[in-house]
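Below, chain A partners chain B and then partners chain C, in two separate complexes.
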Partner chain A sequence: MTTGTAIGALKRARSGVGNAGPGRSANNSKRRFSHSRIFFLFLLPSLILVILLNLYPVIYAGIQSLSNGDLLSAGEFVGLANYIAVLQSPEFWHAAIFTVVFTIVGVFGSWIVGISLALLLRTRIPANGVFKVLLLLPWVVPIVVSAMSWNWLVATPQSPLPMLAQALGFGNVLFLANPFLAQITVCVFKVWISFPFMMMMMASALTSVDVNVYEASKVDGATAVQTFTRITLPMIARTTYISWILMTIFCVNDFPSIFLLTGGGPVNSTQTLVVLAYTTVFQNFQTGPGVAIAFMMTIVLVIISTLLYRQIRKVNIE
Partner chain B sequence: MTAQTSSVITGRPIAGVRPEAGVRSEAKARSMKRPTLTQMQEKGKWWRFLAILIITVIVVIPIVAVVFLALSPALGSTATGLTFENFVNVFTQTDVATWLKNSLIVTLITVVVAVIVAAPAGYVLSRGRSRAVSGYSLILFVVQSLPVVTAVIPLFFLFAQVGLVDTLASVTIIYVGSTMAVAIWMMAAYFDSIPVTLEEAAWMDGASVFGGFTRIVLRNSLPGVLSTAIFAFLLAWNDYLVAVVFLRSNDNYTLPIGLQSFFQQNQTNWGLVMAVAVIMMLPPVILFALLNRYFSVGGIGGSLAGR
Partner chain C sequence: MASFTGSSFSRRGFIGLAGAAAATAALAACSTGGGSSGGSSAAIKFWNMPWGGTAFNPLDEQITKAYVPASGLGAATYQEVQWANFTQTFSSAVASNTGPAVSSGGGTQAFQFAQQGKIAYADNLLSSWKSNGIYDDFFDGLVDTLKTPDGYAAVPYNLDVRVSWYNKALLDEAGVQPPTDWNSYHSVCAALKKNGVYGFGLGSGAGNFTGSHILAAFMINNGGGLFDENQKPACNTPENVEAMEFVLDLVKSGFSDPAAATYTSANVQAQWAAKTFGFGWDGAGLAASVTGDVVKDMVVGDPLKSNSGKTGGLYLPNNIMMYKNTPNQANSEAFLTYYYQNMKQLWTKNTGIGLPPLKSIAATPEFQADSNNVKIVKEWQPIFKTWAAPGGTGLFYNIANTVDGTAPMTTFAQSILLGNTTATDALNTLQSSITGLMK
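Right after this comes the complex of A and B.
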């Protein structure tokens, strides 16, 4: 599994831009003027797309969140009324809390499974390569398909897992009808989808750890736990940190895995902020409050990703 | 980072790197009786094999179930064993062919446009070093972390005014837009690995900047282009949110929406539903089998965009 380019993409953030810095020859500086024009033309198509489809909507969302319009008309300016309404609704706080829980479980659950498997697959095991490929499948398969398959596994009392639970004497277990069990199911589903990403990130970080260090620690009588916490973990700390933050962003933004499995139910127990924003706008037709929720999330995510960007760059300077 | 000599977490020296003298000799004496690392690895091999086998089986059960259900006999059929009845029924009874066609059109256009637009921009990000360029790089980094919902609501408003709602064009445009940030970064990361001296040589020989880019850099960047293409493919092929918002009529459904609506109408006929599911999952799985290496990279990029 090569993760080179993606890691490279992260390294880019660290080094600022490009590799052309010091290696740039004098010959180049003569061309700088023509370069900057051509470079602008090179950037132009993407710039137009980014402004039109990424930046403009975000700014427009900010305006929409301050007005009482709907999906088809702009409406009037109402100040912070939408935000006040949203912040006063218990639904919003419930969704906010579940978003945090879902994110924490998603990030650390997938990380624990991912790093365990990466460590296990690094050792000598027969048919190692086959397992590596098979374990990536949850992440290769489209989410609509896997949500459907999990529905088949758990949704009704006649599904395989509830039948199994019954046979084992747990009685009638309704995975998606009981609010608490539905929350657990959604979190487990998220971990199942996400651990291959963590496994790949961790596996690529582990390849950079020098095996001789382990021999040395073995000779000095370090236990397996000591070896892990004092050697392996510090050496892969940076990639771990980056993958946590990335996974946080994915979890907060995750719409389909919750919407397709539970639709946010039962009784809104699995509703996250993204799902709440979607249902508020497209099912309850309250554009203003829905956009307000989305816009608040946007601000939080801009802060998180700017911090991540800074952090990645800082690490490089050290 | 000083990770090699001391633990970042505990701040203490790592065992084995800077041990005190007494501890070392004692440990050495013990280690004489202990098997070496490689012997240990050899010893637990089959236990670990068993553990990973059990984990893998549990992990792939939901996916194997999809294929198995799709290949089982149709409801009310007399056939036994594995059959393709469900697939035949699905093509004759539903619009899956239309959905598949729509998905393919949308995805292929997204892939082509994304690569064509992202490649030159990635080149600038790789070679340029002005403030504007690094500012653009930060904007792209922030943009890729934003929730799709935030963009979708204003775009719906905008597209409704120009009559683009419920067209394949609307979702294609949005997919291209949402691939941009990660696609540019991926291309730039690959171009970073190509030495600038190659272009400089070409410039000496009288090539233009554009010529140097297409004939020297791009020609040597097949892996980067493939990874970016796979990323764009996955994003467009798997998307649910944008499609469910913008596509309203059956003729315009892409596979995810078609599958979901078909599932809601036929909740009990799992064979038929899973046949559609298999049709949807085959292209990514086949790509994965063929282009495993690039796929991992593209997929991580895909995850970067948030699933």
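Right after this comes the complex of A and C.
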């Protein structure tokens, strides 16, 4: 068989056509059409549900962002006025910058802690299982409880951490009342509640790395750092990228952490875009601009996710 | 929080909760249009908030369900609505015509729904109450705080007030008498500071709007306030500047807890319990919320005379409203008449609800047994004003979306309590923020 004949045969095989020709093509296509119809009918209820629950709200929200209506009425179409007003607001840009900082610290901070603990838990340490459960607690405990606990830890001068800071000679440290320290506090809080998720993701990824590779690297004389950077990280890259995508989405959309701990204050210093969107709609009753903020957040998230997915594809190809 | 101007914005709805919004719209589209003021005998839906402790709603439900309607009219059903996301709860229910016929809710909620044409004005109800004595039983001027050009948006229910509190033992320890004016208040704060106690105790942290209320109360105390007679924002007035300069002086003198800007209500109560606050500002229920041996020493202070010799304070008249979406408007009114004639127990059984709107309840022996409440009614109630001060007395639509629990007010309070601004700058920022939110 020549190369050309082989390729032709392969194409025919892929399209379900044998050497003898298409055969009973009319009957087949009829059957396929009938099957498709049945499949479609089965799919229809779910499709309607998905459209009702997902597509319609997005379209409705899109309309809201372009109008001056409210939950009770559609309002009038105002074009891009809401988007323009939001983009011209210094408050929006301040919130956007802090959202970026919060997300970067949240993603990479929790990843560094998570992967460190995942590597540590791979070693044989006593009561490994107990540690695993304890380390999962920040993720498992409801965020309201966590936020209240942290408030107790840092809010007043009599709280444990300010007392400790005072005892160590740092003076009266205002973890929440000082705008800069409040930003650090909410970022650390985010890392604290998120690292167990990263730890689980990394732990599961590490189990998939073949131990023979490590043994081979040992034979080749690789150092611990080389093993980590040249073997472990590349081999868990896919899971790492996925966890980064997920954590980015979690951080950008994280409303309760900040709202419960600082409410976005003091003087808006810890306000992220999602908190700004909430206060714009539900405290200031400005629906259009609030929805516009949320839409812009969504667009940015889609772009970031797409970029990271491309990275995953690259990893798969390599 | 800045306001986003550039077009005529509306309110309510949120993409983050787009599902809720869409569901609302879908429900609205599917609904039959709800009730009417016709003559259905369906039950009256009464939704009430957790205004007190755990005993409040069960007793309230009991009162509601004991309503015996006139022949042909429906009974009353009861639903407790939590404060968490109550705006969304009411908005989506009202939009979808599945909401209550009668409800309480946020203090300015009635004005928002009135603007949407969803409220059944209480003029007829109040007229009928003139003949059965309920109308005259309200504290003077209270009913008119809910009057709009189109009618009474609601009827007063319980009063959320902002008053001064002090720890008697800590004042005794400092060797000072309770203050009566701003000057003596300054001296009391200075004396308390010597003992490591704060004299300007309050909070303005996450979910705590009391701080902004107190600052507005100081403006009203000095004859100022946030709105002029045309219901337009008027923040940067000489009265307000003087009041905020006085407050900034308290803050900069170290009389205020440096972390107060971010204190939640729980943090504030903890500071009272820890005896770190010796004098401060809060609601009428503060003593009931504070734990420990400090409770017995908690006393409501006297209204203070400002430097210009004026007195005044802020109160938030919570209210009950009726909706057009009712099975029967006559039944909504009949139920409310019954409720007001029987709600006394909510106060006499100490359920923790705010101050009563009716003089007859304030006169009960149970209420009179609490000297702090008696003092508030006797000395503070006559000088209270609403957010509409100094221009007017009645609440109005724009209060809800500009000053009542809004982000610009919290930001304003936090900037003052951090002490790194001037009165004029802070008031100018507030003026521009709330002007942008006006509709």
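As a working rule, the second predicted complex is superposed on the first by the 250 of 318 C-alpha atoms of A that agree within 3 Å, B and C clash if a C-alpha of one lies under 4 Å from a C-alpha of the other, contacts with A are read in each partner's own complex, and residues count from 1 in each chain.
The rule we apply is simple: a contact is a pair of C-beta atoms (placed from the backbone, for glycine too) under 8 Å apart; a residue touches a chain by one contact, two chains touch by 3 or more.
Predicted model, so just to flag it, every value in this text is computed and none were measured.
Participant: Using the touch criterion from the header, give the chain among chain B and chain C with more contacted residues in chain A.
Facilitator: B
Participant: Counting only touches as set out at the top, which of chain B and chain C does A:V225 meet: first, second, both, neither?
Facilitator: The answer is neither, since A:V225 touches no partner chain.
Participant: Counting only touches as set out at the top, which of chain B and chain C does A:F295 meet: first, second, both, neither?
Facilitator: So A:F295 meets both chain B and chain C here.
Participant: Looking at A:A277, would you say it contacts chain B, chain C, both, or neither? Reply first, second, both or neither.
Facilitator: both
Participant: In the superposed arrangement, which partner chain does A:L168 touch: chain B (first), chain C (second), both, or neither?
Facilitator: It touches nothing on chain B or chain C.
Participant: Answer with first, second, both or neither: which of chain B and chain C does A:G265 touch in the superposed model?
Facilitator: It touches chain C, and chain B stays clear.
Participant: Please indicate which partner A:T306 is in contact with in the superposed arrangement: first for chain B, second for chain C, both, or neither.
Facilitator: Once the two structures are laid over each other on A, A:T306 reaches chain B alone.
Participant: Let me test your reading of the model: by the given contact rule, A:F255 touches which partner, first (chain B), second (chain C), both or neither?
Facilitator: After superposing on A, A:F255 lies in contact with both chain B and chain C.
Participant: Kindly classify A:L53 by the partners it touches after superposition: chain B alone (first), chain C alone (second), both, or neither?
Facilitator: Both partners, chain B and chain C.
Participant: Please write out, lowest number first, the residues of chain A touched by both chain B and chain C across the two complexes.
Facilitator: Correct list for chain A: 52-53, 56-58, 60-61, 64, 71-72, 151, 253, 255, 259-260, 274, 277-278, 281-282, 287, 290-291, 294-295, 298.
Participant: Where on chain C is chain A touching in the complex?
Facilitator: 1-16, 18-19, 21-26, 87-88, 91-92, 94-95, 112, 116, 118, 204-207, 257-264, 266-267, 270-271, 274, 276, 400-402, 405-408, 410-411, 414-415, 418, 437
Participant: Flag every residue of chain A that touches chain C in the complex, lowest number first.
Facilitator: That would be residues 52-53, 56-58, 60-61, 64-65, 67-73, 75-76, 78, 81-82, 84-86, 88-92, 151, 155-158, 172, 174, 176-177, 182, 253, 255, 259-268, 271, 274, 276-291, 294-295, 298 of chain A.
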